[in-house]
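You will see two complexes here that share chain A, one where it goes with chain B and one where it goes with chain C.
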Partner chain A sequence: MSASSVPSTAPLVTSTRRPARRRWTSRRMTDILSHGYIWFCLAVFVLPFTALLVYSFTGPGGTYAIENFQYVLGSFGENLWWSIRVSVLSVAIDLAIALPAAYAIVRYPVPGKRLIYSLLSLPLYVPGAVIGLSLVIAYNFTYHLTTSIWGLVLAMVVGTFPLMLTPIIVALKDLPVSFEEAAECLGASRWQTFRRIVFPLIGPGLSAGLMLAFIIVFNEYLVTLFVHPSDVTTAPLRIFNLVRTAGLLPTTAALAVTMQLISFATVLVFFRVFGTRYLKATYLI
Partner chain B sequence: MAAEPLSLPIPKLGPDVRGRERRARLIGLALLAPAIFVGLLFLYYPLLFIVQMSFTLGDSFLRPSGAVTTISNYSAMLGRYLPNLAVTVQLAGLATIADLIFGVPFAYILVRKVRYRDLVRAFMVFPMFGALYIAFGLRFILLPGGPATPLFELLGIPNASVLYSLPSVVFAMSIFTFPFMVMNVGTALSNVDPVLEEAAACLGATPRQTFTRILLPLTRAGIVAGCLMVFGWSLGTFAEPLLLGSINEQRTLAWTLYLKGVVQLDYGLSTAMGVVLLIFAFVVTYFSLRFTRGALVE
Partner chain C sequence: MSTVRLVEISKQYGATVAVHELSLAIADGELVTLLGPSGCGKTTTLRMVAGLVEPTQGRVWFDDQDVTDVPPRRRNIGFVFQTPALFPHMTVADNIGFGLSVKKVKKDVIAARVGEMLALVGLAGYGARLPAQMSGGQQQRVALARVLATDPRVLLFDEPLSALDRNLRDSLKYSILELQRRTKKTAIYVTHDQSEAFAISDRIVVMNAGRIEQIGTQTDIYLRPETPFVAEFIGATNGFRGRVSRLDRDGDDTRVEVTAGALTVRCRAPIELAVGDEVLAYVRPENVVVLDDRDGSGYENVVDGQIDRVIFEGPTAQLRVDVGGREIRADVSGGLRLALVERQGRVRLGFNDVTVIRAPATDGTPPRDEAAATTAAV
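Let's look at the complex of A and B:
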C-alpha cells in the first residue's frame, strides 16, 4: 500500500500545483480585464467633456487660445448669472417644501402616504418636454406667468422636487425616533426638537438633496426652452441655441466646460465633506 | 382643584389617544400641504389641461368661436406621426439594450471587485450633467475632420456617415442613462451575499450557471427597474437626436412636440403627442415604483 502510494502522490502533487498556478494567472487575467473594463467605461463617460475641454482651448486656425474663456464672464456672464439665480431660488423653494413633506411622510401617520410619495415623485419619469409643454400652456392661458422668472423657477421646483425629497426621507429613516422622544421627555417643544435635534442630524441627507437639485437645475435646458421668459436665457439654454443655430464654436465649448466644472466642483466638495452614503436610492449609488 | 389630578388617569386614556392620533394625522397633512399644493398647481393641473386640449382641433382652443372637439389628433398620431412614435420607442429600446449589455457587468465588477468606488462615482457624475453636453461633445468628436477621423479611417468606415446616424444617437443616449442602470443593478447586487456565489462555485457550478441560477433571479427586480428607468428617461430624448441624428429619420416625439406646440402653435396635435408620452411615463413609473422605491416609504 505505502509503496504504491508514494509514486502515486508525486504526480498528484505536481498536478494540483499546476492547475493552481494556472487558476492564479487566469484570475489575474480576469482582474486585469475587469478593471480595464471599468476604466474603459469611465473614459467613455468623460470623453464628451474631454473633447469639449480640448476644443475650448482651440483658437482660429488650430492654435492654442485661452481667450475663449473670456467670453464666459463677458458676453455669457449674463447667462451664467441667470443660471445661478434660477438655481438658488428653486433649490431654496425645494428645500422649504420638501423638508416638512419628508418629515410628515416618515414620522406622521398620514393616510395614503405611499400614494402621495408616488404622485410627488412622478416628475422624475415624465419627459421634460411634456412638463415644459404643459406648463407653457398653463402659464399662457391660466396663470399668466410667461413674463416672470417665477414661472421658470416653479417649473424647476416641480421637476427637481423628488430629488430633494428622497435623500431627506432616507436620512430621516436612519435617525432613531428615540432621540426625538428623549428631547420631548426633557421638555422640548416639537419645534425645538426639530431645530436642535433632527435638523442637525439629517444634515448630510439634506445636503445630498441640495446638491442633486442644484446640479440638475443648473444644467437644465429642456424645460427652460419651453417656459423661459423672453428676456431670460440661462447658460445651458444659450449653449443649446448656439449649438443649434451657430454650429460649433470654441467659445460655446468654453461655456459648457465652465458649467460642467462648476457642477463637478459642487459634487466633489459634497463627496469630500459628507461621503456618498446619502446618495443611495437617488442618482448615484 | 386638588381633586382634579386624581381624576385624570385611566378612563380618559382611550379618547385621548384617539384624539392624539387624529391630531398627528392633521399635522402630517399640514406639513405635506405645500408639496401637494405645488404639485397640484404646477404638475397635475397643467397635465390635465393638456389632456383636455389634446381633444381640440389645432389652435381652435384660442378662437372666440370656441374649441372644436375632435379626436383627429390621435388618429394623426397613429397615421402620419406613427414613424415619430416608432423612432422614439426604437431609440429608447436600443439605448436600454446597450445599457443592459454594458451596465450589468459594470455594476457587478463595481460591487464585487472595485475598492476605489468613490473615484468611479466621481467619474460617473459627468453623464448626469445632461445630455446636452454629451451631444455637444460627441458632435465635435464625430465631425468629419474631427478628432475621431483617424480612428474611422483605421476601421474603414466612411467618416461622413457617422455623425448623423442612428448609432451615434444611441451611443449618446446610453452614456446619459448609464448611471441609472448601474445604480439600480448595483443596489440589487450589493444586497446579494457573495457567500452564495462561493457556495455555488463550491458545489461545482460554472460561472455561467452561477450567473443564471443564482445572481440573475436574485437581482431580477433591480435589473427590471433599471431597464424601466432607462427606457422612461430615454423616451423624452431631445438634444441627442437633434444634434447627432438626421432630422428626417431621428425625429423623436419630444422634438416634434416642441415644433408643433411652440413654433407652429398647433396646440391640439402637440398636446396629443405629450399625452402619448405621458401615458408611457405613467406605465413605466407604475412598474418601476412597484419594483423598487415603494419600499422606501413603508
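Let's look at the complex of A and C:
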C-alpha cells in the first residue's frame, strides 16, 4: 500500500470505504452464487460425456482397452466416412444456395422477401420426423431419389439451409453499403466487389453458418433414418442400430466419442480461425 | 478535366419527391457546394451525379457525354463518403491501390502511384497500416488518396467532414480545398455546414425541398439573398413581414418604406415593388449598431427598444432587444460588447443594409408553384 506516501488521504479512504467489511457485501455474495451456479450447470451437462468417455475405454472385465477405438477406424470407418461425405456435400450446397439468396434478400428490393425468408426458415420449426416423412413421400412418388446418396444430402440441405442463411443475412445487414458503393465508384465490377470486399467482410457470418450446418448434419439421426438409402449408414445411424440390436457396448461408445471429438474440433477450429463475433455467448474461448 | 451538367433531373421515391427538375452546370476545375438542411435533396443529387441513384427523369452529362445510363464503375468518379468507408481488411496501401488493381494495372505501377498519393495527403510511411490503426482524420485522408489514385474526372464529396470533431474539420476542409486546387479536378461538395461551404466553394448552390433556391458566390448569397429561405438559412438574421407603405423614385434609386406592425424600416428597393406589396425585410444582426446617446445620422433606421437579454459569446455579444413587440438581435463586437454585458433597460439601435424580398403567398412554407410564379413575375 502507498499509505505512507499519501498520509493525508489514507484515513479518509478507510473511514468511508471500510475495506474490512466490504468483502461480504451482497454484491460479492451474488457473484459467488452466480459463478457457483454456472459451474454446477456445467458439471451436470458435462458429466454424461465424461461417463461415456470412461466407458469407451473399458475392456472386457473392467480393464483398460484402447482397442475399442480400432473399431472406429475399421468396422465403423465406413460409417464415419459416409457422415463426413454427407456433411461436406450438404454444407457445400447450403452455401451455394444461401450466399446469393442472402445477398438478394438484404441488398435488393425483392417483393415479399419477408415471406420468402419465413418460408425458407420453416424447416427450423418443423419436427425432424415430419420432415423425414414428407421427404420420403416426396422422394418415393416424385423424384425417385431413395436409392442414391443425393436424396439424403438434399434432405439435409432442406433441414439446415436456414441455419446457413440466417448468419449470412445478419452479417450482410451489419455490413454498411458504403463499402460496396466505394468499391463500385472505384471501378470494381459486381463480381470484383463481391469477391474482394463483401466475401471477406462477411467471413465471420459465413463461417458461423458453415459450422452450425456442419455440426447439425454430421450428428443428424432422425431425418437420416427416414431417407437414407439401404446401403448408406451414417455414424449416428450405426450407433442407434448397434444399441438397439446389441445393447450398450464399449466399442459403440468409442464411435460416439469419436463423433463427439470431430464436432468439438470443428467448433474449436471455427473459434480459433474466425473469432467470436457471431457466437459471443459461448464459453469455449 | 471535365464539366458536369445536370439537366432537369428529378428523383421520386414513391410519392416523395427528393429532387425536383434540378438543372445545374459546373465548369471545369470548379468546386461547387450543395448547401442545405438535411432532407433537401443535396445528397440525392450528388448520388445521381455518381450514378449510385438513378434519376426518375432528366439527364446527367460529363463534358459532351450523356452518362445517365452509365454505371458508377464506368463514370470514373471519385466519391468520398461521410464515413471514410476504407476496406477494413486491407492495408492503407491496398485501399489506395484498389481502384487501380481492379483495372489490372501492374503491381509496380500501383505501388508507385500509392506512394505518390500517400505523400500527397501527407501520410507517407503509413501504407502498411490497417485503417483501424489510424485516426478518423487520417482515415478520411486515405479515402481522399484512394479516390485521387484513379485520376477521376469528377470529385464528389458527401459531407466528408461531418463525422469528425471540430478542429479536425477545420484543418481538413482546407486540405480538401488545396488538393482540389492542386489537382484541378471538378468537384461537387455536399454539406449542411455553412462555414464549410463558405470556406472552400467557388460557387454555392443553396437547396431546399428538392429545388435550388439560389446559386452564387459567398457574397451573393449572404448579402443578396433572393428567397426568404436563403435569407433565413444563411447566417442569422432579423426578419419582418410587412407591406410597402411608401415608395420614392429618384432616378435609378428607388427607396421603399416597409411597415411591419409598429415597426417601419426604410431601404433601397432591390426589386420592382409597388405600394401595398407584401414583402419580407431582413437585417443581419452584425449590421445593427447600438447608438446609445450618439446621433443617429448616417443610419436610415433608428429604433428604440427594451433590452431582453444579453448573451456574451466571446468575440461578440448578442443583444436581444424588444422593439414594439418584435425582437431585434444585434451582434456587438469590440470593446463595446464588454460594456453591454451588464446592461439593462432601454437602448437605441441603428441600421442600414436592409434586404427586401417579395413575400411568398402564405406564411410559413409557401406552396412551391406559387412561389415560383411570383419569382417569375419579378
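Convention: the second predicted complex is superposed on the first by the 253 of 285 C-alpha atoms of A that agree within 3 Å, B and C clash if a C-alpha of one lies under 4 Å from a C-alpha of the other, contacts with A are read in each partner's own complex, and residues count from 1 in each chain.
In this section, contacts are C-beta pairs under 8 Å (C-beta built on N, C-alpha and C of every residue); 3 or more make two chains touch, one makes a residue touch a chain.
Everything numeric in this text was worked out from a predicted model, so none of it was measured.
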Report task. Would you mind checking which one, chain B or chain C, touches more residues on chain A? Result -> B
Report task. In the overlay, answer first, second, both or neither for which of chain B and chain C A:L248 touches. Result -> first
Query raised in the report: In the superposed arrangement, does A:L222 touch chain B (first), chain C (second), both or neither?
Result: first
Query - chain B versus chain C as contact partner of A:W81, first or second or both or neither - result: neither
Report task. Please work out whether A:I169 is in contact with chain B alone, chain C alone, both, or neither, and reply first, second, both or neither. Result -> first
Query raised in the report: In the superposed arrangement, which partner chain does A:F179 touch: chain B (first), chain C (second), both, or neither?
Result: second
Query raised in the report: Is A:F199 touching the first partner chain B, the second partner chain C, both, or neither of them?
Result: neither
Query raised in the report: On chain A, what residues does chain B touch that chain C touches as well?
Result: none
Requested in this report: Please give the residue numbers of chain A that touch chain B in the complex, ascending.
Outcome: 31, 34-35, 37-38, 41-42, 44-52, 54-55, 96-98, 100-101, 103-105, 107-111, 113-114, 116-138, 141-142, 154-155, 157-158, 161, 165-166, 169-170, 173, 215-216, 219-222, 225-226, 236, 239-240, 243-244, 248, 252-253, 256, 259-260, 263-264, 267-268, 271, 275-276, 279-281, 283-285
**Report entry** Footprint of chain A on chain B - complex, ascending
**Finding:** 21, 24-25, 27-29, 31-32, 34-36, 38-39, 42-47, 49-50, 53, 61, 102, 105-106, 109-110, 113-114, 117-118, 120-130, 132-141, 143, 147, 175, 178-180, 182-183, 186-187, 229, 232-233, 235-236, 238-239, 242-243, 253-255, 257-258, 261-262, 267, 270-271, 274, 277-278, 281-282, 284-285, 288-289, 293-294, 296-298
Requested in this report: Sort out for me which residues of chain A touch chain C in the complex.
Outcome: 176, 178-179, 181-189, 192, 196-197, 200-201
Report summary line: In the complex, the residues of chain C that touch chain A are 50, 52, 71-79, 81-83, 85, 87-89, 98-99, 102-103, 143, 146-147, 150
